[in-house]
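Multiple structures follow.
The following pair of complexes shares a single chain, chain A, combined with chain B in the former and chain C in the latter.
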Partner chain A sequence: MNVIDARQLVKRYGANAALDGFDLQVPPGRIVGLIGPNGSGKTTALKAVLGLTTLDSGELVINGLTPWTHRAQLMAEVAYIPDTGILPRWMRVSDLVDYVAGVHTRFDRARAEAMLARTDINASRPVRVLSKGMQVQLHLALILAINARLLVLDEPTLGLDVLFREQFYDTLLNDYFEGERSILITTHEVREIEHVLTDVVFMARGKSRLAASIDEIREQYTKLTLTTGNTPLEGFIGRRQTLAGVECIYRNVPRDVLARAGAVSVPDLVELFVAIMEAPHA
Partner chain B sequence: MHNFITLVNREWQEHRNTFLFPPAIILALIVIAVLLGVTLGEKVKLQFELDSKRDISPSSFQQLDNRPAAGLYRVAAREDGYSQPRTMHVAQYNTASTLSELADADVGKLPRILDELTFPFFLVLILVSLSAAISVTYDERKDRSLLFWKSMPVDDTETILSKFVFVSWVAPLATVAAVVVARLLLVGVASVYSTELDLGEVWGNAQVWSGFFGVITGFLTLGLWIAPIYAWLMLVGAVVPKSPTLIALLSPLVVMWLEWLFFDSRHLFSFVVSHIAPKTLYSGSAGFTGQLDLLLSANFAIGLAVAALLLAMTVYARRRFNEI
Partner chain C sequence: MHEWHDNEPIYLQLRTTVLHRILAGTLAEGEAVPSVRQVATSERINPLTVSRAYQLLVDEGLLEKRRGLGLFVTTGAGNKARTSEREAFLNVEWPRIRQRMDALGIDPHSLLKSEDA
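This part shows the complex of A and B:
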């Protein structure tokens, strides 16, 4: 059974459709990057997954539960870190740990305290005096101590320096990701998470434009950097001029055929994203 | 149940200063007033030989009005039926009021004076609680912590009920404690300075224990009586994007005005005014029977039904509306 099973989700705000037939399937044990430009519907999709918003139509099941009608039960198995600090600023760190321990049956207090002990966070201080990096560390310690089956991250490292960002994803992989657990991440920093993803979903105008595993992408998509003087082969889904020359992205075209026109390689996610977003019918 | 206690405790942690400081300040003022009266203030001995009430002249009150506001006054009052004057001490911040009470030559008025002492505590409590009723649902939206609370496995009904219970019955506990301390303090001082009444008579006259009972049941009753007002404020806090206090106050006024304009009636006005609680509940002087009468009235039942409806709407709003 998929952890997330979303089919033909539609959510409209007046005349604008934030979700317009959006599909998403996440099996257990996957790390899925939900990538899209601003206004593509990522946040609405995440809110729907978390039971924070209603849908106009479509079917959405998370861990066998409908998020909107079973949010409280769902949150026992789903953890969430959003783009900006949402921890109550007036609360002391120790009170926050007490609170989560008080309401969450799957929270491992000892684990959270052990993780906090590895940081410079003083448990007797209120959240408001912590730096942004420390607040993220605190939130991460709380969330990773929850035995959740799905972790939803919405631009979790926004505003953090490069060291914290690196540390964040290391902690995520080392301390959370195992077995049947899944992670759904949205971010603009695609290169930063590329190495941790198992799957990717490109989203635009409320629709999924690409849903594939990283292995499938490596297998199906090819970047051709044209040798000077050559013209690109027909059938590319994206083309752009770079300092290295003209680069074209192809799907399901044999690499040995493309190699006759230039250097072939696997496109990174940013190159693929740009190509697919700019392609009218990718 | 453990969940619920955690939720109520969370509210207490967030709002404890709001509910601790006002009663602490009032209590401190009373303590200072009493200490000044006992140590520095002029100890005024006023002997009113009350052979008849006619003997109390307006000039007597004038004389007292010129005394320091806070002080300890010895008043001798002879009641009908007593051959000797009975003397007792009363510390009161309102001299004229105290004397006017005692001018009735009734030492049994002490409980009433103590009840009046309760009034400023409960008045401030109500004002603070009304403000808190808005902030328990509004502040979490404003600082976006709502998303954190909603990321926990707690449903909105339980959360809203915990907020209501906190505002109605948990937050006032600090005030109740302060009232009890203030009452004990004043009766204690009266005991120490009484020369002609023994300890038992002073404490008996003060009706200390029944007074405490009245205060405690009074604040429990108050929480239910004022429930529709709290529920309304919580609903506004859960819905509006800004200026919740203004909207919470103005929107009923507009409806009241429309009701008066089109129907020439004042039902909403009467309902709101009556549910800002009668003074008897503020002071605890209604007594258990008086409080029971209130709880058995039709107005109470209507208030409770309105509160339940508004709380249900607040739960719905909390589900619907996220951060601002």
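This part shows the complex of A and C:
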């Protein structure tokens, strides 16, 4: 059973459709990157799959539950970090831990405290005096200590310096081993997570433009770097001029055919993203 | 962190890294390899990718599982690694090098002679 099964979600704000027939399937135990330009509907999609927003139409099942009718049960099984700091600034760190322990049935206090002990966060200080990086660390410790089957992270490393980013991924990957948990993550920093992901979803204008596992991408997409004098084979989905020569990206074209025109390799996620986003609408 | 290239899936590149370390002796026979968790976090890659590389090395007889202790370099792994690398060189790399030499008009015999001189 999929952890998330979203079909043809539509969410309109006036004349604009933030979600315009959005599909998303997330199987258990996967780390899925939701990647798209600003305004493509990522945050709305995340809120929708958590049941935090109403929809104009579409079918949505999370862990076998419908979010609007099984809200309390569902909230016990998912954990979410939004892209803006929402921890109450006036609360002391230790009080916040008490609070979450009090309201969340699946919160493992010892685990949260162990994670916090690895940071420089002083538990007796209020949230407002913590740096942005520390606030993210605190939030992450609270959320990861919840034994949830689905973890949803919206731009978790935005505004963090290199060291905090390192620690963030360390904590996330370490925690990932604790269970068959799925992670859905949005970010603009594609390069820093591309090897962590098992699957990617490219999103544009409220729709999914590509949903595939990393293995499927390796099988289906090829980058051809043309050797001098050769003209590109027809059928590429993206083309650009680089120092190495003209690079074209193809889908489902046999590599041995392409290899006659130049050097073939697998495009990285950024190259693929650019090609698919710039390609004419299907 | 490791620099990955795009020509090969990462799990194969990881396998090659371990193989080269066994060949070089920096991973000795009987020595433990880092856990999946350690590799995944230090290289920032998916744990499944690391497991896949390790499984391949187990299948090739270069690593073995010791229950509850983790993965270890097998006895005789050095020889096995050498054999498989020699094969890879002779069957894959050498034909490529040969092709390139032909394209550049370099004669292998004269090259060897000039090295001896």
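By definition in this document, the second predicted complex is superposed on the first by the 275 of 282 C-alpha atoms of A that agree within 3 Å, B and C clash if a C-alpha of one lies under 4 Å from a C-alpha of the other, contacts with A are read in each partner's own complex, and residues count from 1 in each chain.
Keep in mind that, in the parts below, a contact is a pair of C-beta atoms (placed from the backbone, for glycine too) under 8 Å apart; a residue touches a chain by one contact, two chains touch by 3 or more.
Remember, predicted model here, so these are calculated numbers, not experimental data.
In the superposition on chain A, A:R71 makes contact with chain B only, not with chain C.
When the two structures are aligned on the shared chain, A:I31 is found in touch with chain C, with no touch to chain B. In the superposition on chain A, A:D161 makes contact with neither chain B nor chain C. Using the contact criterion defined above for the overlaid structures, shared-chain residue A:Y169 touches chain C, although it does not reach chain B.
Contacts of A:E192 after superposition on the shared chain: chain C is touched, whereas chain B is not. A simple residue count on chain A separates chain B from chain C, and the partner touching more is B.
When both complexes are overlaid on chain A, the residue A:D56 reaches neither chain B nor chain C. Residue contacts after overlaying the shared chain place A:E180 against neither chain B nor chain C.
After overlaying the two complexes on the shared chain, residue contacts for A:Y99 are found with chain B alone; chain C is out of touch.
Shared-chain residue A:V266: touches chain C; no touch with chain B.
Across the complex, chain A is touched by residues 4-7, 9-10, 36-37, 40-41, 43-49 of chain C.
Of all the residues in chain A, the ones that touch chain B in their complex are 47, 50, 52-54, 71-76, 79-80, 82, 84-92, 95, 98-100, 102-105.
Listed in rising order, the residues of chain B touching chain A in the complex are 2-3, 5-7, 9-10, 13-14, 140, 143-148, 150-156, 158, 319-320, 322-323. Listed in rising order, the residues of chain A touching chain C in the complex are 31, 169-170, 173-174, 176-177, 192-193, 195-198, 215, 218, 223, 265-268.
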